[in-house]
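Two complexes, one shared chain (chain A), two partners (chain B, chain C).
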Partner chain A sequence: MSQQPLSDVNAKVNDQIFGKDKKNKNKPQNNNNLKGNAPEKTSNDKLTEKQLRKLEWEKKLKERELETDVKSDADKTLSKAELKAKRREQQEAQRQAKTDKSKVIEQVPEKPIVSKIAKLPPELPYLNTHKTPLKKSFEASRTNPKQVQLVKHLYRIPNLEHQSKIVNFKDIHPVFVRLGVQYSEKVILGSNARALALLSAIKTLINDIQTPSKQEFCRYFQAILQSCTDYIQDCRPFAVSMTNALRAFKHQLRHIDTNHSDNEKRAILLEFIETYVRNDMLKAWDAICMKVNEKILNGDVILIYGCSSLIRRILLEAYKDGKHFSVIIVDSRPLLEGREMLRRLAVAGIKCSYAIINSLSCVMKQATKVLLGAHALLTNGSVMSRIGTAQVALVAQAYNKPVLVCCETYKFSERVQTDSFVYNEIGDPDLFLNIDTSSNSNPLVSQKDNNKLNILNLLYDVTPPDLVTAVVTELAILPCTSVPAVLRINAGENSI
Partner chain B sequence: MEDQEVQKYFGTILEKETHVSAGVAAIRTLMEVIRQSKCATVQELVTNLKKAIDSMKNANLPVAVIMSCCELFLRFITLVGLDGGSFNECKEVMLSRGNLFLHNLDEARGKIVKFSSKFILDGSKVLTHSRSRVVLQTLYQAFKQGKRFEVFITISSPDNSGKIMYKELTTAGIPCTLILDSAIGYVMEQIDFIMVGAEGVLESGGIVNKVGTYTMAVCAKEMKKPFYVLAESFKFSRLFPLNQQDLPAEYKVGIFVAFIQICIKCYFQYTSAIRKTDLKSAHPLVDYTPPSYITLLFTDLGILTPSAVSDELIRLYL
Partner chain C sequence: MKSETDDLSDVIKLISDIKHKTLLSSHDIALSTEKLLVNLISHGNWSSALDLMELIRRRIKCLSQSLPMEATATNIMRHILKVIREEFEVASKKKGEAHSLHHIVTGALSNILDYSESLTSLKAALLDHLSEYKTELETSAENIAAQASEHIHSNETILTFGSSRTVKMFLKSASKKRTFNVIVVEAAPLYLGHSLAVSLAKSNIQTTVIADSAVFAMMSRVNKVIIGTHTVLANGGLRAISGTHTVGLAAKHYSVPVMVLSHMYKFTPIYLGSNDHDTLNILANPATVIPYSSGAVLNKADIATPMFDYVPPELVTLFITHQGGNSPSYVYRLLSEVYHPDDYEI
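For the complex of A and B:
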């Protein structure tokens, strides 16, 4: 986890450099054989030395990261920093070797992940010293000119292997294969739904798994689970909710008493998942519903954005309680999730109006409260949520309306992020092309292959804490700056 | 103890000892309830205590302080490890814990005074609102330390509690000026900082205080003057109002009556008026100041930023 930002910065810098190269040389680049690219890559590095120096000069803070890159092309003069970088590289390589080794022992060789690692030539020490995500973004940035410069580090390689559904995956349970497809096809949407789906898939895995003789159940299970989750991660990056749920499960897996029989262990693990779902999700939702209910008064006009399962539940509960309020649903392209929300609320009988985010400043005047869902709450109090949420919060702040973010504590993350670029997810840019207008001559579609046109579809954004009045969690209504305090409590509980 | 007895006991403490804050008086009443109770189980005792708290809430006094203080008291004496030993032993443990709690309450003000008097410098001009015991003590202390400063006090109608504060300060020899409530904007540019007390400190880090505090805070923010709040930690309460309207009605009514009770002259005339008044058309005698207007809170737990209040509350309650 701690490595992530570092490598991100690395990737960013690399992307900048290579992006410029591409423009200078105007050379068509080949994705499939990385080996062929290898010598070219070093020459690129030499060519850009000047640029590198410049960057170094400008970004003194990033100096260290940069030098690990510079180091790879040649051993010239060994400065202090370079020595340091070298040491770090060695350590990293050792670690890599270790993990590779363990993988080889634990897993069947035909695994797709392993084969992908094998694809990378071992004579490239530069590439080998870094983690997989960097490799991906690195490769991707060199190949696709249709990517937006600023967020190049976020692109992932479309993995053709995984997208064809016929392929038989050894070591990956069919439930996970299906789940991966559902994630990537956006059949399962929303961080709560995704976390629930993951947990239920793990449950199936627990039931189905057969430990080979002479293997300890938990260890074997851990290995299998790792390969499954790696596959899922390839389909779509984990949501924070999923990461947290998985971490809690793994913690339990590690701390299980080895003297139990396999079936007992199974029972314990299943029980753990049940309680996790019950306590951290279902009960949390009920508690949040109650807390928000107290804040909804008769005559309120509540503005919501997108389609959050939790918000829907809250509104339906409040309506059941006999509160008289109306709802403004603000929606945005391309997913238009708000329509589903509108349908469900209208079916329940709640008075709704529907607006597109463009008209936000007009409808905000009528609202009395803003309710927002969240993807994750970060340690600095920022709220990570569906793209557009920050805009809604900003406009609400401008109109002095209270903004309530509803978020279960299992979505709290110890990450810190101040902008939406460091970590984000990129959706399918083609979604923007499909506007259902009456005329077929859609300018975006006709210009689709234009090299000058880069479409960016980011999925999340980060709302700074000063735009949020309060966060409603199952523990209490809190200011969003007290995320660290809650995380401390949760960490304390887990350690017991 | 019956409800009426509780109220009477509570009332006499407040009448006889004017320097005692309502919170302390409430705790002393609860201690008396424990002492006199003839219950046989802890459960019963706790229910009795809760009943007593309810009756005190209806005693026409600042509800914010009483509620937060009693809640903390209940947690402090009952919730941790009472098992083992007979009921009488448990009662003893509770009483000794209660005494400790009271002791802490008494010390709280002294700690705040120690922290905050350092912030008053030679030649500074302080603006304060209404009457607050802890602000008064702080100003005394700073004066005793030989600092020369000037105080501006709002009259703070309708009970004119600012006048009482003014008298107290002038008898002590501190130079001070009484200003109109509507003159806050006029004096704001010449003062150095603002010090106010609080009825209650809420989860958000905001405060509930005598009406006019919010006006003062907004004005101070605009003129970029630091806004300090002096409040003991027993005033912390787990409420999160989103705006003025969202403040619980009992806070508003209770304090409305309470302030009027202080100026006994208009007591009868006002209470009858309140019973009839719909709060929507009138305004209560307290307002809520959101955390973004507060620079620092001086408490017996230390000098806190508004966001740290919630952390402390989480520590206390969860």
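For the complex of A and C:
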């Protein structure tokens, strides 16, 4: 199995992207060790095990129902802080349970978790059980007055309840469960990091999955993958990068030759992911770095916004090449990613200044170029990126500064969007309450329950194409309006 | 000239009050400046209009040297200089030079007034005028707020930036007759937007707080931008808290009208062409932007924390004063109504 080299690459990339945030990186290996054991079992064992598990599962289901009833009653009387504490407790318990389980598994290798995943037919009733509460809370959310009317469609169900329910569901691989938590807790942040994490989770799934008899590997895999990605989608909506990577993978999955053996298919799929990461991400980054590097001159003052992994890489590489330039880092609440960028660049020795987005028109004058990262490039040429990017581009245009958006072509999307509301994400409004630079208590805290007072924390905005000078891709430096052309070329390549 | 006996102690007290933030809002500064002037006129050591004008000029100089950013106090004094001139003309029953085209063309300088003439009725007339002026200061915000329903229609979405006492009164007054939504930008690093939002929500106005970075995204759904300002410059531009320029640019991009609520004492006869002017800006404490606890990285980085933005006049649609609305191109004329042209530069 050719997994080793890619995981090396991944580890390297993760280092660059996650940095200090790679808390849970070492866990997934557990499952890899187990998968080999599953096929050795006799059918007799399987049967009894199956029955046992069925009983266990039914029991669990009942418990869960009871629990939710109790919980929903209890929840009414609990304050938010208490809820949080309770949730933490639950997660702790689950974590405990999980580690216990894995210990057991280590001792008794004939009982891998993976085989559970493998043997559950995808159309079990639990799918319904977890969908009904979703719908209910969606209805409830319609009448919630704490939501901003304008973006009501963007509010999602508070995921604490269904997360705690879904954690032990059997057809979702633990890697995906953890990934979902990492996404929703923003441990993995940034579209590149998120796409890479998704792909490596899919790789684990490929290795671990066991096709039940009479089922075709790819079909079965597709079904399992679907429920895993549905779960991820519930935790946090997909980034465009993830959607595109997943689409490419599924395309490959559908077009795989059915005459291969399962292991051959695994190898093909793993090889595909590896190639995808290598070509569309790693090589694209190198190419973009080179292209931007040509555009950075000695004495340049480069204004950047937030903390894009690609931009950081570009700047660090240009600095390594001996270019003399300084950087203005513009930052904004509530994420304050720019501080991380400042730390990284300053440690590397690059001359930095730091300003918040309100000071933009004062610092823009000193800048000679503006470099921005992107979440996605839409077909109409709009750039979707972290909130505030459009503002930086707008001020840059007012001061006649060139705006370069750096974006890999795998983030190009067929969607079109002209405003920032149709598709967006709502962040946690409570982030606004905490101001780390002020010791005064925030007046908003006392009015949190006032129905007339909303806090809106949008995560993305859409920059119209006329504010962007050019987009740097691995193919070429292009105008934003070339997105459909690039998409057409890529589509043509894929179909061959 | 009585300068030996004039120790400027009153104005020094005013300066220290402003510097120590005892007087925070421009409204408070305006009222205490007015009090200072009443005191000066009733107890000051002067016998003629010329003496009094000299006393006030010295105070303006002192103020503008110590607080180059603070325009309110000097503007009020400048306005009183014009009042003195007018009252003198009335009292002495003489006509000052008329700024007519004829006068400029012929260059006739026949009737220059001699302000050194001592007039007994001047003091009483001035004190009268000042008490009137005080009422004007006190009711100015209400007068502006009273116009609210002329500018806000029902179901509108209004964006405001930071916090201004006048804007708060304006919106609250409008909410009595109309229902509308307000989007409040929090305005880092002072976050005054938070307290405005709380105050508006308490008066039952649907309020949404957004981050400074969401201004552009939200602007496409905004009907009007209503903001206060620190100073209105002679060209119709603004010196307002930092971030206002971005708001103006975003509003321009989406063709959203920008209304600036301003009292007359914020109109200042100075020209500042851009953000570059040293006299335009001051830098705040960098700890308001990045905490000291960030560690060693602070040694390696420059932290820029300007307090003000210059907003060019083309980004402003309308100024609303207690006298009504005016476009930025009319500011020069308003200035000449409030101040005497000879007093622009002191």
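We take it that the second predicted complex is superposed on the first by the 345 of 496 C-alpha atoms of A that agree within 3 Å, B and C clash if a C-alpha of one lies under 4 Å from a C-alpha of the other, contacts with A are read in each partner's own complex, and residues count from 1 in each chain.
Here is the rule we use: a contact is a pair of C-beta atoms (placed from the backbone, for glycine too) under 8 Å apart; a residue touches a chain by one contact, two chains touch by 3 or more.
Please read all numbers here as calculations on a predicted model, not as lab measurements.
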Since both structures carry chain A, what do chain B and chain C do when superposed there: clash or fit? fit
Identify the partner contact of A:332: answer first if only chain B is touched, second if only chain C is, both if each is, neither if none is. second
Give the label of whichever partner, chain B or chain C, reaches more residues of chain A. C
Quick check for you: in the superposed arrangement, does A:342 touch first (chain B), second (chain C), both or neither? second
Between chain B and chain C, whom does A:267 touch in the aligned arrangement: first, second, both, or neither? neither
Looking at A:491 after the superposition, I want to know if it touches chain B, chain C, both of them or none. Which is it: first, second, both, neither? neither
Contact-wise, after the overlay, does A:458 reach chain B, chain C, both or neither (first, second, both, neither)? second
Counting only touches as set out at the top, which of chain B and chain C does A:369 meet: first, second, both, neither? first
Minimum distance between Cα atoms of chain B and chain C in the superposition (Å): 17
Which chain B residues qualify as touching chain A in the complex? 203-205, 238, 240, 242-243, 245-246, 291-292, 306-307, 310-311, 313-315, 317-318
Interfacial residue positions of chain C with respect to chain A in the complex: 181, 186-189, 191, 194-195, 197-198, 200-202, 204-218, 220-221, 241-243, 245-246, 249-250, 253, 275-276, 281, 287-291, 294, 297, 300-306, 309-310
Mind pulling up the chain A residues that touch chain B in the complex? 295, 297, 369, 402, 404, 466, 469-470, 475-479, 481-482, 484-486, 489
For chain A, which residues are in contact with chain C within the complex? 148-150, 328, 332-334, 339, 342-343, 346-347, 352-363, 365, 387-388, 390-391, 394-395, 398, 419-421, 432, 435-438, 442-444, 446-447, 450, 452-458, 461-462
